[in-house]
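So that you can tell them apart, the chains are marked A, B and C in the order they are listed, and the count of residues begins at 1 in each.
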Amino acid sequence: MTVVSSLASHIDYLVAVSLFLTGAWILLTSGNLVKKVIGLNIMETSVFAFIVTTGMVDEGAPPLVAAGLQGPFASPLPHALVLTGIVVAVSVTSLALVLILRIKAELGSVELDEIALAPKADDSAGQSNQRGSADE
Amino acid sequence: MPELVDIRPLLAVLASLLCAGAVFTVRQSARWRAFWSLAAAGIKFALVWSMLPGALAGRVYVYQFGELLPGVAFGFRVDALGLFFALVSSTLWIVTTVYALAYMRGSHSLPRFFGFFALCISTTVGIAFAENLLTLFVFYELLTVCTYPLIMHNEDLAARRAGRKYLIYTLSGGGLILAGMIVLYFTTGTLSLAETGILEEAIGRSWLLAIFLLLIAGFGVKAALMPLHAWLPAAMVAPTPVSALLHAVAVVKAGVFGILRTIYNVFGIDLLRDLGYADWLAVLAGTVIVIASVNALRQKHIKARLAWSTISQLSYIVLAAALLTPLAALAAIIHIANQAFSKITMFFVAGAIERGTGKKRVDELAGVGRQMPWTMAAFTVASLSFMGVPLFAGFVTKWYLSLGALQAGEGIYVGVMVISGLLNASYWLPMIYLAFFRPPQTHGQDASPKPARVSPMMVVPILICAAYVILLGAGASAPAMPFSLAEAAVRFAFELKVPLE
Amino acid sequence: MSEWPHWLPLLAVLPLLGGVLTPLLFRRRPVIPCFWAVAVALVTAAVAVMLLLRLIDSGDFSYAVGGWLPQYGIELRFDQIGAFALPASLLVMLALVFSRHYVARTVDPEKISYYYALVLINLGGLNGFLVTGDLFNLFVFMEIFSVSAYALVAMARQPIAALAALKYLLLGALSSLLVLFSVGVVFAMTGTLNIEDAAVLLEGSSSMPAGLALAGLATGFAVKAALFPVHFWLPDAHAAAPAPVSAILSALVVKAGVAGLLRTLELFGGGESLYLQPLLSLMLWLGALGTLGGALMALVQRDIKLMLAYSTIANIGYIFIGLGLATTSAVGGAMVHAVNHAVMKSALFLAAGAMIHQTGLRNIDDLRGLGRRMPATAFGMAFTLVALSGVPPMAGFVGKWQIALGALEAGQPLPVAVLVLAGLVVLAFGVRMINALYFRPPARVSTVSSVEAPVSMWLPVLILAVASLALGLAGSSMLEFVAPAVQAIYGTPP
């Protein structure tokens, strides 16, 4: 009983963590670069959702000064945090997508398997005996 | 012991440092390079000798500047033992520099060679004058760094192999010393070398044993204490002045000096007597003396034979220190000088023979005595010293070591001395015999050997060192000789106020 | 002067503003943005000096942004960790000086002003990260320096750069989200975002959310700091990035991860949280593995930049060993080593960059014989390699000594052996490089005909090399300086 009730009281954590892990799984295991970015976005959304719920007050009103609205108000601070976070997420996603475009143009594919096998790719990960110049 | 603040220890180290810088910058001018190299050695010599009267009178010169680590100062303290080592090094450095200037003529990368040559003397004197283990360690590692380019001088495969072996051994030794220092600092809170022992029984046997093993093994690498000796024969590929430096003056003596400091200043005589670790060290040293001599017998290259002889002789010092008696300690310290002068003579001779006749092997020595009489005479003097013939330096060592062994109740080491003397005879005498009493091998051309043309700049240092060997042997008890300085060091270590007998 | 705290935001604002203005003012000009960026970094460093003097004089001080007091507003706090802003600004300045000639070949001419912009933005984010006392602000600045770092890695023209940058981005974003998530958890538990207040409220808390938050923060910052085993992004990023960017990455960005971890420990350190000890032990063991693994991997590399990258991983391992031991000496040593390593690694990356720039080659065997052709650069590299291996009295020694001492104090002799062993391995690859530079004849035509790099490239190298000696000699003072911070982070010293 206590396990179920403690689980229920922490439902917001559970949902957030499971969404987060789902996104992380997609990010880490997907072979397609665009899908990795999607996974990243899922993770970001889970975190934002979680943060917003921390400010929720049962039976609370939206944090606005308007006619017909009175306390208790939901906390507006998490909303501000999430807005900032969304901006950050957008910039990261756009950078990622630009890089993917460049990878597609230069290496020919956005699938990791194909990039690893493509003759043009000189993957410098690990201990390669690379003689390539750093400057072209 | 009255401590005087004096800037001379710092100057001694700095002077040759600056001169080394000058050598690096003058680049192509051989004359200026020679000038600055000699200046480095000469100034060092003057500064160190100027402190001798004070040290004999019992004064200790200190100079500190700042802390390198919290609680551990970085500074110099010139006591009798340190001054002794510095005296030997700086005296020999002058002759080695003169010899090197002649020997290395025509070689490549001379600015690099002589620059690091001068730097090595700085670091050696830094080791001698170190006030605490950390300062000693700093200069000890810097010595490794500065000798490396000298060993690598020829830049061929053999040099690289030797250099790699050298570094692996010496840097590992350095790592052991570092570990020992950390444990020492942790258990005692100090690294000072100014006391007659900073450790106490109360710290605990396991810590004490750990410190002893780490420090002795760490210093033992440079002291060529078997089985940590393998770098020494390999380093023979370096040019002869470098071998002379390494094997007589700087590197090996630094290792042995470190062992002496560990025994006398870190542990102290009384503690070691109680712990009994030194007995094992003595056994090891005694074994090394014999085994290394036997190995020397088997060598066919002159320099290889000299290398193994060095390994054997260094263990004399370790043995003497490990016996923990005043007379043996005297032998240990005195042998630093005796072995240095004798061995360097031999190396100089080997180099002169190589330059003059091109011969490098023992069996090629026939008739060299007629071609280079003075040189071989010096060699004979040095060998007599190693064999322990009275009136030569080596005899003084053997005498005091034997007395010290008896003082410690370990008569067996007297036997070791005798055996070693016989072994030495067995590998030096044939060389002398071949050189003087056998006609040179002719290759069908004319039968009369031409005297070999060797630069006087090489022969004079040889003669000076040989003369010193005789001086150390015959005139040991004269005042103002290094002997009295060694006595002063021993007196301090054993906290004696009276003469040693 | 009581106005000094007002200068605190300048540490972050100046470079950020300067960075944003750069492409607007200097579009398509190749050289002027460099001078501008160097000037901005210099002014930032000057501000940092003044703040540092105030710190030494009268201790920590804080600044409420906009006049809003901490409960509702963002608080900036300048303490010993914030003092890292000074070496950061100076290192970035030297990297920028170096960049003047370097980027001409590695970056597209149209993008050069963006390069300088990104470097300045990176510095701004870093400085902001170091001086903030608010958790969310911490996250924002972290993202600023991270995203600019991702973009900088991609600036090189090689095809591999984009892929390496993307990998870095994905792993970095994952870690940032872990941090953000944990910040959310902390906020949910305590209702405040101010680090000091939250630390008081969290004191001794052993609830599951606290553990989750601690784990999230620690993991997130560990990824940023390239701790084994989450260090994978570092070698790829370094191989692809232009040399000054590698210097900034290895020297500064990973240290920000360390700083983040210090803040985390500050947050959770008071009292006896159940989760703290396992975390510290984990840090100790991972640090030890990272040290040995990194050092050994560095030994087998033939590419000079990869060798230096793995060396960074090894040194981060030292720092984590120190942090995990949690004794005064160890943590102080770790913090001092963070600064010293930043200086040394920058010197090495810049020197490597100069060599690559002049010869076009990156393999150690190809760089043989450069000792004579590029004397200043080679000397700087050799000198710093000796410093890096921990030969006293140079900079690599103090930190390691203190950490080893701390290990004995904590009753753990094993890290001492790890440190000594790793030091020998570092010496090994250092010697290999020195051998290649000085004791081997050149193997390739381009090395035979190469000349010394321009002054703007070798001068920073030499300055940093000399600094490696100076910092080593000043080790004792540095340890004294960070001591109050150690106390604050770990509560009372054990």
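Here, a residue touches a chain if its C-beta (ideal position, glycine included) is under 8 Å from a C-beta of that chain, and two chains touch if they have at least 3 such contacts.
Predicted model, so just to flag it, every value in this text is computed and none were measured.
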Per-chain Cα centre nearest the global Cα centre, belonging to chain: C
Pair of chains ranked first by number of touching C-beta pairs: A-C
Centroid spacing, where centroids are CA-atom means, of chain B and chain C in whole angstrom: 44
Interchain centroid distance [CA atoms averaged], chain A/chain C, Å: 25
Approximate Å spacing (C-alpha centroids) for the pair chain A, chain B: 67
Touch list for chain A against partner chain C, complex: 10, 13, 16-17, 20, 24, 27-28, 33, 36-37, 40, 43-44, 46-47, 50-51, 54, 77-78, 81, 84-85, 88, 91-92, 95-96, 99-100, 102-103, 106-107, 115, 120-136
Sites on chain C touched by chain A in the complex: 105-106, 136, 139-140, 143, 147, 150-151, 154, 156-160, 162-166, 169-170, 173-174, 177, 180-181, 184-185, 187-188, 193, 208-209, 212, 235-236, 239-240, 242-243, 297, 300-303, 305-306, 356-357, 360-363, 366
Touch list for chain B against partner chain C, complex: 66-70, 74, 134, 137-138, 141-142, 145, 148-149, 152, 155, 159-160, 163, 167, 171-172, 175-176, 178-179, 182-183, 185-186
Touching residues on chain C, where the partner in the complex is chain B: 386, 391-393, 398, 401-402, 404-405, 408-409, 416-417, 420-421, 423-424, 427, 431, 435, 438-441, 473, 475-476, 479-480
